[in-house]
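Input: a single structure, listed below in structure tokens.
Naming follows writing order (A, B, C, D and E), and every chain is counted from residue 1.
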Amino acid sequence: MKRFAPFLLLVILILFPLLVRDDYHQHLMILVLMWVVIGAGWNVIAGYTGQVSFGDAAFFGTGAYTAGLFATKLSISPWWAMAAGGVAAMAVAFPFGWICFRLRGAYFALATLALNEVMRHIATIWEDLTGGMVGILIIQTFVSKVPYYYIALALAVAAVIGVQAVMGSKWGYYFVSIREDQDAAESLGIDTHLYKMISLNIAAFLTGMAGSLYMNYMGFIDPEVVFSLHDISIMAILVGIVGGVGTVYGPVVGAFIMVAVHEFFRTGFFGFFKGLAALTGSQAITTLAKYVMQAHVLGFGILVVVVILVLPNGIVGDWKKITGWLPLGGGRRSAA
Amino acid sequence: EGIKVGIILPLTGKLAKFGEIEKKSFDLAFEEINAAGGVNGKRIDPIIEDTTGKPDVGRSAIEKLIARDKVVMVGGGYSSSVTWATIAVAQQRKVPFLVNTGSADKITEQGWEYIFRLNPPVSEYPKGFASFLQNVATDVKTVAILHENTLFGQSGSKKFKKQCEKSLGLDVIMKEGYEAGAVDFKPLLVKVKSKKPDLVYMVSYIMDAAMLIRQSKELNLNPKLFVGGAAGFTLPEFQKSTGAAGEYIFSATLWTPSVPYPGAKRYFDKFVARYGTPTEYHGAEAYAAAYVIADALKRAKSLTPRAVRDALAETDMMTVFGPVKFISYGKKTQQNRLPTFLVQWLNGKLETVWPKEVSTAKYVYPFPKWNER
Amino acid sequence: MLEVKEIDVFYGDLQVLWDVTFEVRRREIVVLIGANGAGKSTTIRTISSLLNPRRGTILFQGERLDLLPPHGIIERGVVHVPEGRRLFSEMSVEENLVMGSLYGEAKTKRRDTLRHVYELFPRLLERRKQMAGTLSGGEQQMLAIGRGLMSLPHLMMFDEPSLGLAPILVQEIFGMIRRINGEGVTILLVEQNVHQTLAMCDRAYALENGRIVLSGTGEELSANEHVREAYLGI
Amino acid sequence: MRFFEVKNLVKYFGGLAAVNDVSFEVKEGEIFGLIGPNGSGKTTIFNLISNFHSPTSGSVLFKGRDITGLKTHRICKARIARTFQVVKPLGRMTVLDNVVAAAFSRAKTKHEARDLAMETLEFCGLAHRKDMLAKSLPIGERKRLEITRAMATLPELLLLDETAAGLNPSELVEAIDLIRKIREKGVTIIIVEHIMKVIMTISDRIHAINFGRTIAEGTPGEVANHPAVIEAYLGEAYARG
Amino acid sequence: MEVFLQTLVAGILKGGLYGLIGIGMTLIMGVMGIINLAHGQLMMVGMYITFVCFHYLGIDPYFALLVSMPALFLLGVAIQKYTLNPLIEVESILPENQVLMTVGIGMVLTEVARFIFSSDYKSVQTSYSSSSFFIGEISFSLALTIAFFIAVAFTLFMFWFLLRTDLGRSIRATAQDKDAALLMGVNAQRITILTFGIGSALVAAAGTLLMPIYYLFPDIGGPFTRKAFVITILGGLGSTVGAIFGGLTLGLAEAFGATYIGMAFDDMIGLVIFILVLIFLPSGFKRITKV
């Protein structure tokens, strides 16, 4: 059963646009798939290699801007820019990693945070190239969501399979060794600097591709949107940790949950409160609904706090713990 | 069963303040319209969705409005980025979208037939001020432009610089952007002071605006003219947080309660009475948009997006925000064209001082030096 | 003076101590020997309340230690000189010593005790302004002991004080422990250096796989076949 | 050609000379002991050899080649492996995976790496622990894992830093056996140890340092009776006993 | 010359305040070994308290220190006790869990503030808000100058507290080796809680001092969090004197950058210096490689 779960999931995902024809849900699924790609990237560098990145937006934005500039400056179809976006993100990751990988732990994380901000400033200030805060507008290629969906799906599947393959290989052993103890890894003949670079570049490539996809799909970017610390970098971390740090399917679960939760709050539990208010005609519930909807960022914040406290290894990582809570699980309860 | 109209606004996140003002104005207007019999006897049911100020979320919102709620048209949008991301969906789905705040020029330059814009594009904001420079402040020769690094600040200041150099024959001796939210503007202002410009033109939101003025006072920086480019310098908070220092500051603006349009002051008063806080031009845009929507729905042959779109295209009416008529000029299509004004803080009140025909008070020019007041 | 009764200790789900029972009497030197991972450190950590036993009790002068938080233990006059010294490396020698006397009587008598410790370890007086992290291994061990003494303890527990020390220092350290005992402080000692410790202790217990398997006086254990084979390698 | 040699090694940490002009030579196949009081610079010498720190001056030569300043992982590729005084297990990997990660420095495929790792685990007597997480090993076995990992990189020279510390006398016997077995495989060993029972029984030659400087070198018997060593390190008691 | 001197003064005055922001962060950093990414948000809460004091109760901002500091102390205590301390016991792959937690806390604080006060800009207008005095041609903002001296006083006090009192020593000891501190009878749990409280109170003081000249809205925390970590790193982590040094460096760098490079680079200058310091002064920051 366990072995077939991924295939089953894949089949469902392939059939999804045929089964659910409404644009709204397709749109949400495209976002989910995009976040799977970003989450997978984050997981490689942070989850497996242990170099927590607070700066995914730097790569995401670079990818998005590459696609945007391809379209506006070079008149090349932004689809070509998908790969180019990944490569451009690597071009940012490369010098950054080269310089900053002498830092460890939280200090590397801070450096990525700084990179994030620096990239945003550059995109803002370099008006001649990027248009500054005016941003970049392109006209989307397709009206229907279905092509975008399948492109996103292909990317997501490739990302997950790619990560799985990498993690089963020598690189994977090396990444985890680096996470566990860098000095020991170095003494075992692992070129930690090189492999951290490889890991960062894999992450950057995936995230950059996701950025290009975003540009293609949304048709609009500006520095605040794609270099956003909260909406991209932190969200990437959340996808990673909610789903499960250092697990292959963690980002898949994380992306799904984060997008769903986001939408859940934004729409007031999918209109549940509004419906209830209409049904009962209660003013109190209408007010409540309003507050719930306004509290979606708050909800996010609380989710972060709760997940870290209760499921520090994410849903996939702490799956045993979760099944342990369920009365039917019968799993051994972990002792306090 | 009412007529469903979708409104998308940033109700949470950084832009929530202005989104909230617009939401309240929409609510106010639709309540009035429904109380007055609605649209041919039918209620208008606005469905207001939160974009959180982000394009992708805005997109989720509009997808939902169109696909699930099946609205006949959409309004709102607020920031240019969200507006852009969402109007593309509207155009593709063939649902009319009335933009009332998003000011990037490109929004109406695509030739999209389902997209209408009520407010002027950012490039036209300083029109009123330009005529003041040509007619009154003719001894102004040199200009320093300071702007926040936002869409509004960057494109507004760029357009203004071009205008100064091309059509007004002024010398722009300095143009500098800054990151909104700086703690201390003195280094910037010291530099301005050392260059001695005649005019200091600033595109800033409220609090940066207030800090700039207060610190100019501290530094005793005395140009002939201090002018704010819309946004920050006209809001009550500006006056509150600059106090006396705000006196004599000019600003180019789209709307104040004292504009010569019927109902403008009444809208302002109603808003204050209802919500206890003042409103400003964003609110007026929203309030006017609600009436334009109602008008179009009334005239629409049927309640389908197509028919509503056709009715919108025929709009010709007066609102609290000025006359509304969607025309084509330059690269723009279905764009409403409006004059802009120059206002000045005089005795703690914001008075319209230019164009002369609509002025509520006489301007004070040149700017009285700080230490001579 | 100290009675450990039937304690079971876990790390998470992993049990490391089973039914451990022993006692230390006033002014004695008692030694706990055992293979690596037998649970000696765990025992001491449990007494000093860094760990909580899941079962059993620990009594010190009739009072339940296992119910107290770690800082409650030291206030009762029980001090733990941990494995690997664990000094505050970016504080001076004197500050480290002061850290040993934060509470109660120890605090009021701080000056006197400090003078006493400096008499005991003149080397520390020489280096009182030096950062602890820059001391040599032997000096660090002295400082760790000195810091323990600052709390005016009735019972001192040492976890492998000779670990990683040069032979010359091992002698010195054992000498000091005897001297402290001579001043009336009761000693509980964990050591791998079985030869020497059995020779200097009053009584000893052997811990194997988390269980007490043998006990007796130093001579008795030195003579025991099993001990000779398993611990002395004879 | 000399097998292994350090020449005039000097290392300053700020103003402190942790290693001050140390030179010695190790012959192929021997067990070379390094002793000295705490803080005399033994671990630092290991760190200099494996280039965790780069020497202030001096050089390290291995099989005629100057390897000073070679990156740490290259030193390992050059077939010098080390263990750490403060053990560094890859905690959340299994014992087997710890060793596989090391074996990859010699093996081409994953299959080869696993085989090499299993073989090394058997050799070092840790095979029964292969599926345990490294962090849950008791200290003695963690030290053994250090050795196993180092051996999986197939070194010609092995640097052992206090691998016997904290073992009780009978465990020491096993440790000594393992070290001998390693030497019989043809691996040259430099060993740092404070336990005389170990270092005096297995070393062919011993080099003693104090304050980063050489004070004596010779056979165990010579060094143990050297007055400077007795004064600085062993103490009168040891000499008498 | 006037431009230069004015810039210098602006940089130093701002730097003093930055230093105060930095000390709180530094303390938390040192003791818990975590980067508190909710630091600016705590400052924001302190600012709202000041605003409420002034606006509804008519308390002058300088007296509001007596309210905002204790209040934030309690908030810090609660945060540490109920969200951060429990994490110490949870085992997880990423040691940065606590840092991530502070991100979540920052989000919660911001949104709660929005709930209560809406997104409106608030400011506190006092009689001295825009007054200044001149020395020669150079203008000194009165409020910033006062803030500067109060910040310096707080710093000196903290310095004395950490070096000369048992509690201060216990804080430092916990920072260096928590288990050992426990064995010395330090209630490490309580110390971490206390430290977070003190750190929060200090940043609240900075917020309160800033209030007369600045303004306030819920999202104001983020930029200050970023400034705080730049200051902390510049100052060399865990050192109180370092924080002052870092604050002054950042203040001066921003001021001179704004004057001589361009105001648009204001934030970027701090970040670039930060990265440069990380790269070229690693020996100055021993802890960097240890964590």
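Note that in this section a residue touches a chain if its C-beta (ideal position, glycine included) is under 8 Å from a C-beta of that chain, and two chains touch if they have at least 3 such contacts.
Predicted, not measured: the structure shown is a model, and the values here were computed from it.
Chemist: Quick one: which chains contact chain A and chain B both?
Modeler: Correct list: E.
Chemist: Name the chain whose C-alpha centroid is farthest from the C-alpha centroid of chain D.
Modeler: Most remote chain from chain D, centroid-wise, comes out as B.
Chemist: By the contact definition above, name the pair with the higher C-beta contact count: C-D or C-E.
Modeler: Result: the pair with more contacts is C-D.
Chemist: Could you give the separation in Å between the centres of chain B and chain D, each centre being the mean of its C-alpha atoms?
Modeler: The computed centroid separation for chain B versus chain D comes out at 74 Å.
Chemist: Mind checking the centre-to-centre distance between chain A and chain E? Centres are C-alpha means, answer in whole Å.
Modeler: Measuring from centre to centre gives 31 Å for this pair.
Chemist: What's the distance between the Cα centroids of chain B and chain E, rounded to whole Å?
Modeler: Chain centroid spacing, chain B to chain E, equals 36 Å.
Chemist: So what's the Cα centroid distance for chain D and chain E, whole Å?
Modeler: Roughly 47 Å, centre to centre.
Chemist: For chain C, which residues are shared contacts with two or more other chains?
Modeler: Residues of chain C touching two or more partner chains: there are none.
Chemist: Would you please write down the residue numbers of chain E that are in contact with two or more other chains?
Modeler: Each of 93, 111, 114, 264, 267 in chain E touches at least two other chains.
Chemist: Where in chain A do residues touch at least two different other chains?
Modeler: Those would be 121, 124-125, 294, 297.
Chemist: Across the complex, what residues on chain E touch chain B?
Modeler: Checking each residue of chain E against chain B gives 2-3, 6-7, 10-11, 13-14, 17, 111, 114, 118-121, 123, 125, 129-132, 139, 141, 144, 210, 213-215, 217, 219-220, 223, 254-256, 258-259, 262-264, 266-267.
Chemist: Taking the touch rule as given, give the residues of chain E at its contact with chain A in the complex, in rising order.
Modeler: 33-35, 83, 86-87, 90-97, 99-101, 103-108, 110-112, 114-115, 222, 226, 229-230, 233, 264-265, 267-268, 271-272, 274-275, 278-279, 282, 285, 288-289, 291
Chemist: Which of the residues in chain A end up touching chain D in this complex?
Modeler: On the chain A side, the touching residues are 168-170, 173-174, 176-177, 180-181, 183-192.
Chemist: Which residues, counting only chain C, touch chain E once they are in their complex?
Modeler: So the residues of chain C touching chain E come out as 48, 50, 69-71, 73-75, 79-80, 82, 86-91, 95, 98-100, 102-103, 107, 147, 151.
Chemist: Within their complex, state which residues of chain E touch chain C.
Modeler: For this pair, the touching residues of chain E are 166, 169-170, 172-173, 176-177, 179-188.
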